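A quick write-up on the structure given underneath.
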C-alpha cells in the first residue's frame, strides 16, 4: 500500500472517479480485500443492478428551493441520512486509518461506525469528536466481549450495532487466491492483538482474516445472545445483517431500536438477495416499530434517495468511504461525503422533496425485474 | 463548432445517420452538451430501452392507403403530432441557430417551442412564420418574468409552456468535466445577457450553465406560481416535466391545457423513470381533462407511434432536431423532420391507422419488462 | 450472385451452417435483401429472442419410439407441419430459383407457397409436382388480379394466401443504402414485367422494389376486398399477416380458412410484436374456427415445436429455405428441409409427442419475459 | 486424452478452477463430449442463468455454529445431499475411470450412481465400497435388461434409477462435427461390448454414441415398462428425467420412490425448461409422496442450497465430478466433492440453517425473471 497525495479535485465529479484513484493507490492484494465479494461475486453485481433497477418518480412544484438533507437516525442528528459503515482495518488503505475517516465524518456531520476490528482503538476514534456508533462482533471470550461494550459506552459511542451475518467469514476467493494477510503495522487495536496473530500469518490457500475470524468470534449466536446484550447496555441496539422480514420482526421483539438491511456488501452468503430488494418487505414488516437502515451497494446520493423511497431511514456507506481514504486520506473522505451530500441534496430538490420525510412519499417503479 | 456544409443526402436514411454527421460537425464540448445527461446517464439509456420495449400490434385491412399524419395539439394544427422541443442556445451548434430551426419547423408544418434561453429573440423567431409556443423558465426577477410572457404573447406565440422540472440544473458530468461555458457569440437573447455573464465564464470543475441557471431562475416554484401564471395569460398553458400522475392531476386542477410527460431528456433527476414508462398512468389520470404530450427518447416516427398508442396526443422532438441543425443548418432540420414524418406515415399505414386518432386504438405489449 | 457448388455436407449440422454458406455465396446487396429487416431491424432480433424465451416442458414414458411428423394444413397433407413461405424473386439467389425450391419441397413432402412476385411463372412452378399454394398481393389492376387467381387455380394451386400486411413496403434501410434493384434476368414472371420496370431501375436513395411495390399493388385494402376474393374462388382462403386477435376474429368472420400470424419476417412495421408472442392470443381468439399458421423467426425444428405448443397448426419457413437455395440450389433446400424435419422429429420424440396433435398438450414457460 | 498429474491445490478455490484444469487436460473431442449440449446449447446457458436468478434470503441468529450437511436420500445416508450423477464412459477422461470416481464418492460419503454405460463393470465399481445406485437405460434386449438389474442388485447397488428422457440421444452438434467415437480402450463394460461396436466406429457427420444409443436402447418406453420394472426389483425405484409435474405425479402413482428433475444437463431436448425452474411445481405436485432430486446446472454448494430451498431433497452432481476426474483422477474428484461440501456447509451456516431440513424454510426470490 502506498499513501497517495490526495484525489485530484478537477477530475473528481462522481464516486467512480474516487474509486479509480483508490485502485491506482493500492496494491492488488489490498484492493482485492476492499473490493472483493464472496464466491462468484454475483451479489456485488446484483447489489448494483438492483439499485439501477429502481426508477424514481419525481414530484414537481412543491415549493422546494433547496432540499434539507438533515436526518435523525438512532437518536443521532446527522447532516444527511448517511453513516459511515463499520469497516475493519482501515490503516490497511491509509496510514491515518479510522482517525482520518472519523474526522471526515465529523466534518460532514454524519455518524461513524467503529468496527470491532478497527485498526485504531475505539477511544482514540471517539476522541476525534465524531458521532460514533460501535459495531460489535461477539467474541468467543464473553468477558472480553462485555469489556468491549463497556469501553465503547465509556468512550461515548451512542449506539451498539451488533453484526449478525458473520457466523463465519464468507469465502472471498480473491483473498484466498492472494493468501491475503495483514501487514505487521495493521492490527485489531481494540482486541490488543499484535503482529503474529492469525490475521497476520500467511496460510497456503486461505485468507488469514477468515482464520482469525473463526478463532476470535463466537459461533452459534442466537436471539438469546441478542437479548443478553440488550440487557447489558442502555445504548440503542442496532441489528446489522437482516434480510428476511421474519428476522426483522424478531429483532423488534428482542428490543432492537433499528435493523440494518444488509448482505454485508456481497461479502457473506453468495447468492444472497440484494438488500435493496429485501428492503420493502422488511420496512413493511417492522411497520415503524424500529428504524430501518440499509447498506450494500450504495454508490451515490441518488442511491440514498432510492433507499429512502423504499422505506429506509438512512444508509451506511462503505466502500466509497474507503476509496476516499485510500485515495486521499481525510481529505479524500471529505470529498466522498461532500459528493454524496451534493448528489442527495440535488436529487431531493429535483424530486421535489423538501426533506427526508418527503422522500418516503415518492413512487418508484421497477424497470426490468419481476415484482 | 464548425458549420458543416450539409448532411449528405445519399447516406441519410435514418436519424442515426444525422446523429453521426452532427457528432462529426461539433467539437467535443458542444457535442457533450447536446448529448449528455445527468449523473450516470442511466436515464438516457433507459429512455431508449423503454421505447424499444414497447411492441406494437398492427391492424390490417382497414382500408388505409396512406395515413394522414395531421394532428391538432394545444389548439394548433400541425402536419404531424410532433413539435420541436424547447432547446437552449441553438447558435451553439449552428450559426443560424433558432432561426434555421424555426424555418424548418414552419416548412414541415410543426410547432416550434421557443426556449427562454434561445440565442435569438422570441420576436425574431416568431417572425419566421412558424407556429411558436413559448417555453418559460420562471425567473427570479418576477418583473422580467411577466415581461417575457407579455413579449411572447405579443410576438404571436400560441401557447405558454412552463418548465417545472428545473428547480436546479441536473449535474451533467460531461459539462462539469469539460468546464463547459458558452462562447461569446452565443447568449440568452431574450434575457439581454451579453458575453461576460455567468453562462460564459469558465468555472473550475463546474458547468457555467448550471451556475447561470442557479443565478437566473426562480427557486422553489409551487403550484401557486402556476396559478399566478394561469391568471396572467390567456394563452393555453402547458406544464412540462410531469412524471407522477398525481402531479398531472394537480396540473389539470390548476387549469393546465396540457402536460408534457418528460424527464428532460435524461438531463435532470438521475434515476428518473422513463417518460414513456410513466405515460400510461398519466394519461389515465388526466382522463382527457387536458392534453398529454411526451418527450425524452423519441428517435423515430415509430417512437411517435408508440407514444400515441400509449396515450400521448403528440411528442416534442429534441436532440434529433439539434443533430440536423448541427449537421446541415435549416436543411438538416428539414431532413430530420421529413424523415420522422415519412417514418410516422409509413408506420401508421403499416399499422392500419388512417389518422392519429386511430393510433390510440392500437394494442401494445411489453417485450421484456415487468408491468 | 454466384451459383455455388453445393453446401458441404460434413459441415452442415444446423441451419446456421447453411446461413454461413449462403452469406459466402451471395454478394452484399443480395444478401442484405434476403437478410434485412425494416427500420432498426429490432424486430429481427425480437423474433429470435421471443422464440428463445419459450422453454418447453417435455413429457416422458409416452411410448413414443419415433414421432410421426405428418401434418395436415389447409386441406393439404404434409410430411411435417412446415410449408415453404412465399418469397419473391428466388432467381436472385440461385439461377434455378423457385423451380429448385419447389422440387425440394415436393421431395420433402411439404407445400410450397408461390409468391405473386415469383421469378418463375406459377404454371411452371406447379408443374414440378409440388403441393402449391398461391400467395396473392392484390394488384391495382383488378382485372389482372382476378386473372392471377384464375391462373393459380388452373395451375393446380390448392390454396389462396392473401398477404394483408403490405399496404406499402417497409423501409428496409439496407436496400435503401444499397440502392437495391433487380438484375435484368430476374423479373416478376407472373406479372409479365420485363427488365426496365421500376423493380430494375436504380433510384438514388431508394429501394427499387419499394418503388415497384407502390406502383403495382393496390393500396387501401379492406375487409371488403377480402370478402370479394372469398366470393371469387373456391380455394381455401388464407389471410397472411395477422398479429391482433381482433383481426384474426374478423378473418374468421370473413370466411378465412386459416390465418398466418406473421410480422413478415421483420420486414414491415418496425417495432411490431414478434409473431410467436402474438400467437397464443390469436389461437385463443379463433378458438378452432380456422387454422392458425405462423411465420417470422422459425430457425429450427425446435422452433416448429414451440409454435405448435403455443397453438399453431404449422409454420411457414422463409429465409432458411433461401439460404439453402443460395448455398446449394435444390440440394441445398433438400438439406434445409431434411434438417428441420430431423430436428422436429427428434424434438417431438424427446418431448414424448407421438404426433403433432400431442404437441398442443405440451406446457411451455416464459424464461425471462413478462407475461 | 492425457492423464494429468493432478489439480494444483493452490489454484483450486472453486469449481471453475477445476473446469479449466480439465479443459487443459483433455483433447478437444473428449472435452466437447463432456461439456457439450444438444442443438443450440441454449439449455446449458439457461440452466446456469436459472440458478443465478434464484436469490437466497438467509436467516440470522439461529444458533448455528457449523451446519450439519448430513442427508438421507432414497434410504441412503450421505455426508451431504449430493450424489455423483450417472455419467457414461468415465475412462474417456481418466484411465482409472469409474473406479476413481467411486472411491472419491466413498471417501466423501456420497452415493455414486453407476451408469449403464460405465466403462468399468458395476461389480467392480460396487467393490470400491461406495454406496452405489444403478442407473438403467432400458435395453432393446429385455433379457439382458433384467440381467443387468439382477447384477446391480447382486453387486449391492441400493437403488435403481431409470432414465426416462432418452428415447433417443439428443443431437449434440459438437460430437457430430467432431465425428466423435470412443477410443478402443473405452467400452460399455456392463454390456460386454468390445472395440468394434457402433460406439467406436467413426461415422461421417454423426456421433458414434448416438448411433450406438439408437441400436442398443429400447425405444418407446412407457409407464407400463416402469410398472414392469417396479415389479421386478425390491430396490427403491428412481425415475430420472422428469420436468412436467403431471409426469412426476404419474411416477408416484407408478410406485416410484423418487424422481430426478432433470433436463439431462442440457444434452437432450433443445429448448427444454431448466430443471431448477421446473422444480417448485414438481415438488408441489408430489407433495411429499416421493423424494425429489435435481440435476442439470449444479456448479457449487450454493446451487445445492438453492435446489434444497426450492424443494429438492438432494442433487446429482455431474460435469464437475468429471472435471475433477479429468484433472486429477481420484484426488481430483476428492477435491471437487470437498469443495462442494465446504461451500454447502458455509452457505448453510451463513443462511442460518442447522441442517438440510432447515434449508426448506428459506425464502428465495427471483431476481429478474417472470414468475
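Think of it as A, B, C and D in the order they're written, each chain with its own count starting at 1.
As a convention for this text, a residue touches a chain if its C-beta (ideal position, glycine included) is under 8 Å from a C-beta of that chain, and two chains touch if they have at least 3 such contacts.
Predicted, not measured: the structure shown is a model, and the values here were computed from it.
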Problem set entry | Contacts common to chain A and chain B (chain labels) | none
Exercise. Rotation angle for the CA superposition of chain B on chain C, to the nearest 5°?
Worked result: 90
Exercise. Which chain's mean C-alpha position is the greatest distance from chain C's?
Worked result: A
For this session: Look at both sides of the chain A and chain D contact and report whether the same residue positions are involved, with over half shared, or different ones.
Result: different
Problem set entry | chain C and chain D: spacing of chain centres that average the CA atoms, whole Å | 42
For this session: Would you kindly tell me how far, in whole Å, the mean C-alpha position of chain C lies from that of chain A?
Result: 59
For this session: Mark out which residues of chain A touch at least two other chains, giving numbers and ranges.
Result: 368-370
Problem set entry | Pairwise chain contacts, counting only pairs that touch as defined | A-B, A-D, B-C, C-D
Exercise. Which part of chain A faces chain D closely enough to touch in the complex?
Worked result: 39-40, 42, 46, 50, 164-165, 167-168, 170-171, 173, 176-177, 204-205, 219-226, 239, 241-244, 246-247, 250, 268-274, 277-278, 368-370
Problem set entry | chain A - residues contacting chain B, complex | 9-11, 13-14, 52, 54-66, 300, 302, 305-306, 342-343, 346-347, 349-352, 363, 365-371
